[in-house]
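Below: a set of structures, written as structure tokens.
The following pair of complexes shares a single chain, chain A, combined with chain B in the former and chain C in the latter.
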Partner chain A sequence: MNRRIKAVLRKEFRSEMRTKNGLATTTLFGVFTVITISMATFDLKISPQLASGLLSVSLLFAAIVALPRTMIVEEEQGTGDLLRLVAKPEDVFWGKALYNLFFMLVTGIILTVLFLGFTGTPLAKPWLYGVCLLGSCCAFTGAVTLCGALVAQASNRTALVGVLSVPLLLPLTFLAVSGLRVAFDMKGGFNVTNGVIAGFGLVCYGFASLAGGPYLFSAVWKR
Partner chain B sequence: MGPARLAILFGMLHASNLGKRYGRRWLFRGLEFELGVGDRLAIVGRNGAGKSTLLKVIAGLIPPSEGKVKLKSEDPRRSLGYSALDMSLYPSLTVEEHLELTGELRECPARIEELLEFVGLSYALRQPASELSTGMKARLKLAIALQGEPDVLLLDEPGAGLDEVGRELIEKIVNEQSQRGAIVLATNDPLERRFATHELEIAG
Partner chain C sequence: MRYLFALGVAAATIWSFLVPDVVEFQQPGLARIFLWHFPCPMLATVFIWLGGWFSYRLVKTGDIRFDVRAAASMEIGYLFCILTMATGILFSYVQWGAWWQNDPRQTSFLMVLLIYAAYFALRGALPDEQRRASNSAVYALAALLPVMFLIFVFPRLPQVQSFHPTDSIMQGKIKGQYAWAVMSILTLISILSAWLYRLRVRAGLLELITEDRNDEFGLESDRRDPADTRVVRPVRIPRES
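Entry: the complex of A and B
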């Protein structure tokens, strides 16, 4: 990682630590989601299918709510011009994408701990869960960071980012559900190979979107 | 080698057939100018004529509708300094952190103490931008603009929000920049117009 990317990353951390906008939004969202789920399923045993679906949806919405902010906030507070004057687009993309990845991983871990703790759902294959969580975080980060960059200069940006994210994130959600339900499956009812393929697919999607991101970002970052 | 190529080699900034329109209205069109070391261009015109837009086009913040701008240096991050009233700073970052960030992104020495002393903002080193007055923000933006020792300095209404001492600072900056490169000022202030060696009026 070069000094320029580190500088953008440091700026993102400093801003977040002082304003706590993204952290507060995502933590509240995660806590409310898990508490609501655990209340709704109070006297039920959650199946692997339901557990994987609920966690994937929670991760998806946490990503859509928090990640585009890093791009959109530059235009909203008018600091985009300052950054355009002094930074290379690829450095801005990598700095913000790495920050988003860290943020997404922390959110994923918090959601996991809360979900497993509140619902009492057992984790059959923690290693597969780890692969799927890492893959989901990479893939969501790559896709949503780019969506944020694409809509940052539009007038109706907050609504637009949700619409634009759907076709990019829907295949990811399917993959996440496929992988996570195998990770939650205690009875061996699902094919482990399918779960591994889904986890691998998520990791590949994540790497592809992050690797291609700087090139796309260079084109959309200019006014 | 033809004369056009020579102009690019020796000039700091070359604008050819530059035009910008919003919808069907042209703010300016067919602008041709070249600036070298010591040139001070004042862009004048009524409010809304397009002075700030021209500066943003030169800075590369807005694409021109036609024509192009060429800088002597390939990398505008250091060779171009820009300061404008409507350019925002990061509210939660301190004065020091702003200069540290821009220095690292430009890959040039941050020169924090030197620049802040020059613009008279040393006392606010650790103050977040959200707590700065308009004049202090203007001084910080000037420091950021000067950080890379630019070939071309673009100042949009530089005296706006500054006190008498601040206006003297502008004169000092203009004089120092003239030794190093060119300067473009968007202004209607008669005092600032005095600094100019050339004037370009935009009718809008």
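Entry: the complex of A and C
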């Protein structure tokens, strides 16, 4: 990690710590989501398939709520042009993506703890759960950071970022469900190999989207 | 040439009703819609690749003419996606008994359709020509990976069970007159799509030239900012006496 990426990362943390808007919004979103799920399923025994679906959808919407802010805020506050003058697009992307990855991992852990606590769902394979969570967070971060940059100067950016991100993230949600249902499965009803393939597929997808991100981002950021 | 093409389409349509029934289908007569359904996803995929290629060229060179080509490819691809869904839903109702089967291939193609729709939503939200071109090109490139996953990987995953056969072409299960009918319709629709693409590109390039000329002479551009709500009101100019 070079000096400029560290500077962008530090700037993101400092501006977040100053207002704590993003952290508060995302934590509250996580709490409300999990409480809504536990209310909707209070008299049900949640199956691994249902649990993985609910958790993946919660992660998906948490990513769409939390991650594009880093890009959109620059244009709203008028600081984007200054950043364009002092930093290379690749450094801006990596700085913001790393911050978003950290943020997404924290959100994922909060959501997991709340979800497992409120719904009483047991975790059969924590290592597979960790792989799926890491892969989902990497992939969501790469795609949503880029989508945030794409809509930052559009007319109806808040609505548009969801429209752009959801179709890109739906295949990942399928992989996340395939992996997480094996991680939640206590009875061995699902094929473990398929779960492992899905988990590593998520990680590969995540790395691919983060690796291609800077190249695509520089085409948007400079123009 | 056009008359010859029209004649070809008419002949292929008649032939698609004359080929012998395939007994494996529940309703072999109505299963003929497959002949027209089959080329649509293939051409939609080709045009996605083409859109991705022109988007890559635009990102690489910054030449706005590649945006016209990319947008034309995506528009025609979108059209074929809609046709795939429409003919697929009909086939599903006739052969499998329900308009929507939650079949993985149906769902994955619906997602591809949504990605296309998002591409056009992004284009509509960006008033500046250069920004619209670069941002939509980047989105088209970013969408290539999920689109390829949805079309080629997802339906073939071991945990996914689909009504759609995956070995029809590779293992030569479409054969005889049926294969010839499929190939001839595929060829005709490909020619039609290439013709549509050329027309769309020509219209787009002419639009670009007109815009440049308007800018040169200081005339008002037709590509206004959609977020701009200003209204031009008539003003009374007093006559000089």
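Rule of thumb we're sticking to: the second predicted complex is superposed on the first by the 222 of 223 C-alpha atoms of A that agree within 3 Å, B and C clash if a C-alpha of one lies under 4 Å from a C-alpha of the other, contacts with A are read in each partner's own complex, and residues count from 1 in each chain.
What we mean here is this: a contact is a pair of C-beta atoms (placed from the backbone, for glycine too) under 8 Å apart; a residue touches a chain by one contact, two chains touch by 3 or more.
Since the model is a prediction, treat every value here as computed from it, not as a measurement.
Of the two partner chains placed by the overlay, neither chain B nor chain C lies in contact with A:Thr25.
By the touch criterion stated above, A:Leu146 is placed in contact with chain C alone, chain B being left untouched. Contacts of A:Val220 after superposition on the shared chain: chain C is touched, whereas chain B is not. In the superposition on chain A, A:Pro171 makes contact with chain C only, while chain B stays out of contact range. In the superposition on chain A, A:Arg4 makes contact with chain B only, while chain C stays out of contact range.
In the superposition on chain A, contact is made by A:Arg84 with chain B only, not with chain C. Contacts of A:Ser15 after superposition: chain B is touched, whereas chain C is not reached.
Which of chain B and chain C touches more residues of chain A is settled by the count: it is C.
In the superposition on chain A, A:Tyr205 contacts chain C only, with no contact to chain B. Residues 223 of chain A touch chain B in one complex and chain C in the other. The touching residues of chain C, counted against chain A in their complex, run 59, 62, 111, 114-115, 117-118, 121-122, 125-128, 130-131, 134-135, 137-139, 141-143, 145-146, 149-150, 154, 157-159, 225-227.
Against chain B, the residues of chain A that register as touching in their complex are 3-4, 6-8, 10-11, 14-15, 18-19, 77-79, 81-88, 91, 222-223. Within the complex formed with chain A, the chain B residues making contact are 56, 59-63, 76-77, 80, 82, 86-93, 97, 100-102, 104-107, 128, 144.
Contact residues of chain A toward chain C in the complex are 143, 146-147, 150-151, 153-157, 160, 163-164, 166-168, 170-172, 174, 178, 191, 194, 205, 208-209, 212, 216-217, 219-220, 223.
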